[in-house]
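Each structure below appears as structure tokens.
What follows is a pair of complexes built around chain A, which joins chain B in one and chain C in the other.
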Partner chain A sequence: MTTINTVNTIPPDAMPAADRGGLWPLWSVLAVARFQIGRLLTPPRLALAALGVVFPAAVLWAAESISEDRLSREAGAMILYALIPEAVCMLGLLMTMCPAVADELERGTWVHVAVRPGGRRSLLLGTYLAAIGWTAAVAMSALIVALLLGVIRDGTSLAPVLIGLILLSCIGRGALFALPAVIVPKRALVASVGVALVVEYLAGFIPAVINQLTVSLRLRSLLVKWMGWRREVPIQMQLLIDTNPPWIQVTAVFILAAVLLLVAVLILEWRQFPPSEES
Partner chain B sequence: MIALTHVTKLYGSVIGVNDVTVELGTGAYGLLGPNGAGKTTFLGLVTGQLRPSMGTVLVFGERPFFNARVLRRIGFCPASDLTERNATPQEWVRYLVQLSGFTPAAAAIRARRALEQVGLDEASRRPLGTLSKGMRQRAKLAGAIAHDPDLLVLDEPFDGLDPVARYELVELVRAWSQTRSLLVASHLLHEVEALHAGLAVILGGRLVASGPVEELRRLIDTLPSEVRVVSTNARRLAEVACRNPGVDTLRFIGDDTFVVGTRHPQQMAERIGITAREEGILVRELIPGDRSLEGIFGRLVQLHRGVAP
Partner chain C sequence: MIDVVDLVKHYRAGDGRIVRAVEGVSFAVRAGEMVGLLGANGAGKTTTLRMLATLLRPTSGTARVGGCDVVADPVGARRQLGYVSATTGVPDRLTPREILRSFARLHGLSDGVLETRVESLLGILDLTSCADRPAGRLSSGQRQRVSVGRALVHDPPAMVLDEPTSALDVLGSRDLLGFLAELRGSGRAILLSTHRLHEIEARCDRFVIIHGGRVVAAGTREALVAGHAGLEEAFFAAVAGAEPA
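Entry: the complex of A and B
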């Protein structure tokens, strides 16, 4: 290399004066969450959300039409559980959490985020918050619409149970989908569907240690406990639920989510995307 | 400020940069190289987007990858256009400033100030999708400077701009570089020259030269260059060419064409032209040395490899 001595000398400046509070990582995360919510407020996304809101009510209405009578509280709870904390939350999180990194790469905004201090983790955690907020809002709206339909006897008493399950479903599964989002960003949706099927719906129903690591076991167990169905569940089916008290189930979901997010953040902090992979 | 020591970056079997060693002190620098030379990879390493496969990258004395202390002091404006079309410049810049860890109130103030600085205050509330490319470039620049970095890194900042927008942006960047450090990647020599920046020339992933523009120009001028002549009396003109000082090589391609290697291609071309006119010799082609950037790069590579004298 030919090196010629250089050049203009400017005294190095001190660190920029900081208007940063002690909670500066929190500001970054909240900024991302707010920005991602803004991105979700587009006509196609709102249309999808509206579909998610009316879909459970439509299924309930169809079920009532077939039975020709109002649904029992138990049957209503089972249907709503399958439709809202499971289906609506799962689909909502697939749409919002999976593209956490891929979307940035496609838009060419990844580079803007990656050069900010803590930008990568803020992107992931902020997107996670936005995904939870958006999905939970859609799911709760779906619950309200379904209950307002009035096809379930004593339906309003189900609201606290299902709201709790919706929140836990979003918290646990959002974190679960964070992993494919950072490991295989461009195939995150496909990978997440695979993870959902294999982990949540296959491993989750294996009566062994492995199902302790799934969100679906915790949600099922909480549904049984909060609905007071413990004694009514057949002995064979009791293998598919956990008998520990609700606070343990809730804590397990939070711990699972924290561990999954931590791993996802570490992977993302360490990832490199060659310029050719962007947009 | 920036120190790369034997840095190689590989993307699988593809080389991004190859064994680059360079030290850039505080000040303004242009990273010059044709498309695909490795400039973006170089900037990716400096701005902590990429880790070197081999060697060490230090910015402000520390490794930039996964280092919030260093990243806080860097502002980066990438080459790609802003595709965030629905957000306004104010929202976009405020978002970036908050990502740098500022409180929402401080971020709003800094965003407004930065947009004023780049002359985008009036358009700051229009969606980015409705702005011209020049305005979006300014918005990107505002995002890069709003958190008050010590080092501003720009990747092809003038690409695709019309002459007026280019001039205005050059002035902006030049004003910035009066007080802070600057690293600009470009494939256009005159853009870097306009910034009065030192140069680092990169080609094929290798750093082939670095230094002030004037020094590099002098260096380039001393490199041999070829003059190609096609004439009805090529032998007579070759004889004249050989009498000139600084002729390194001369070869004939057929009876009517010869190529002369010289360190003074312009003077050589002028001399041949004058002789041809005086003696009434028809000259069909007279092509002085390759002054294109690629030609200059090519000769710098020759020098780097020790091929050129």
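Entry: the complex of A and C
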């Protein structure tokens, strides 16, 4: 090791204003997001992403083979909704958002991130950004491949609807999985699967106040509205959708995501991990 | 620069019992001073350092880094502190340059300053030749230097190092401790924990010996070894004196 004479002092004006006392270090959230995206670019992760891209197209192709005709727009929309904003997004977020804290604890990097000025919240929010960016990219690619297959009549007209649902699914469910990631980091995947089943797919189908707090209700309601299915939905099934206008559904997802992320950040700021919980 | 007064940390272990990890520890480290925190495994060294690094909240007492209270102003304390843990936690796939850049971005260094800073640290830490090699292919000494560079990336006036030489060989330890002595010479306050007394005996300005979560002796080498054959004997005597009869 050589001498220290050039560990020069960083001039104060070289540090952003936020690091000199601001509350919201957005740059560090973006730095973490960039770092996490880099971490996702490994052969196993890319192989899983490729699987996610081709899986919906394979199912559509199989469905068309069975029906021996091109799928109707309605049937195609239902299948693509179940496969992409639901299955692909859910699985993608489970893999990218759940390990937000556990990965850092296991790799021994937690302490190095947590001792930075906005370290903990940047870690969570940066990982969230990376998770929704990565998952949305995979889901959009899956949608493009599925539509290019040409097995749905007037399939391209479904693109705006499904793109909207993909984005909302990622934003809402990414935030939902942030909670298990900070509360039970080492069991986050199992806990998140439980949350997905109990909250999204059980509570989400209970026609009561509780389902107003789920992303699945908002997505279903938007699908029905944007596809113009409102009158075709049987009266019993109408209990499972919300009749408010789309802007309310979209706002509800954003509010839900913001509240969940805020709670997750507060928990993470408050949590302490003794050395025994690392590695 | 670093002030610790009556610091206490109790926590509940997995089996429900209360662990009294730190019991009223007090000491200070001034700018331009290197202080060794000595103690056996389980003495409370790591818990004390982690409270200083804002990773653990004290049960009571106060700790300040650069005048910032670690409880009332943790963000301020983090800006003043460079922390090196016993495990380097260096990602295998990333290169030293990428790691230093990533952590510099966490502090929001502007792009121009960031590049200058990273190049400067790579040179100082003798990492230029392996700056673009994945960290998984670096020696343990090189990885520890990356870890030190990561702690220095925001130019902190205080450094806290938890057993920084535990994974290093004799040469690596000597280089690192020499580097820390130079950091002290540049006006930084250095607090490092170790149980390898011989390595730091001649390097530190003062020593704090803790045992069972309490400070059992503190002072300069000369003051501690008075009446003993050396620092190691003084350490054993201090620890033995603190044991219940």
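Please note the rule applied: the second predicted complex is superposed on the first by the 255 of 279 C-alpha atoms of A that agree within 3 Å, B and C clash if a C-alpha of one lies under 4 Å from a C-alpha of the other, contacts with A are read in each partner's own complex, and residues count from 1 in each chain.
Note that contacts are C-beta pairs under 8 Å (C-beta built on N, C-alpha and C of every residue); 3 or more make two chains touch, one makes a residue touch a chain.
Remember, predicted model here, so these are calculated numbers, not experimental data.
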_Going by the contact rule set out at the top, does A:Pro117 touch chain B (first), chain C (second), both, or neither?_
both
*Considering only touches as defined above, state whether A:Ser65 meets chain B (first), chain C (second), both or neither.*
neither
*asked:* Per the definitions at the top, what is the overlap between the chain A residues touching chain B and those touching chain C?
replied: 1-11, 15-16, 18-19, 25, 27-28, 30-32, 35, 38-39, 42, 107-109, 111-119, 122, 272-275, 278-279
*Residues of chain A that touch chain B when the two form their complex*: 1-13, 15-21, 24-25, 27-28, 30-32, 35, 38-39, 42, 107-109, 111-119, 122, 269-270, 272-276, 278-279
_Quick check: in the complex, which residue numbers of chain A touch chain C?_
1-11, 14-16, 18-19, 25, 27-28, 30-32, 34-35, 38-39, 42, 107-119, 122, 272-275, 278-279
_Residue ranges of chain C touching chain A (in the complex, touch as defined)_ = 11, 46, 50, 53-57, 75, 78-79, 81, 83, 85, 87-89, 91, 93-94, 98, 102-103, 105-110, 112-113, 117, 120-121, 123-126, 145, 147, 150-152, 154-155, 175-176, 178-179, 182-183, 185-186
*Where on chain B does chain A make contact in their complex?*
1, 11, 16, 21-22, 24-29, 40-41, 44, 47-51, 60, 66, 68-69, 71-74, 76, 78, 80-84, 86-87, 91, 94-96, 98-107, 109-110, 143, 147-150, 179-181, 196-198, 206-212, 215-216, 219, 300, 303-304
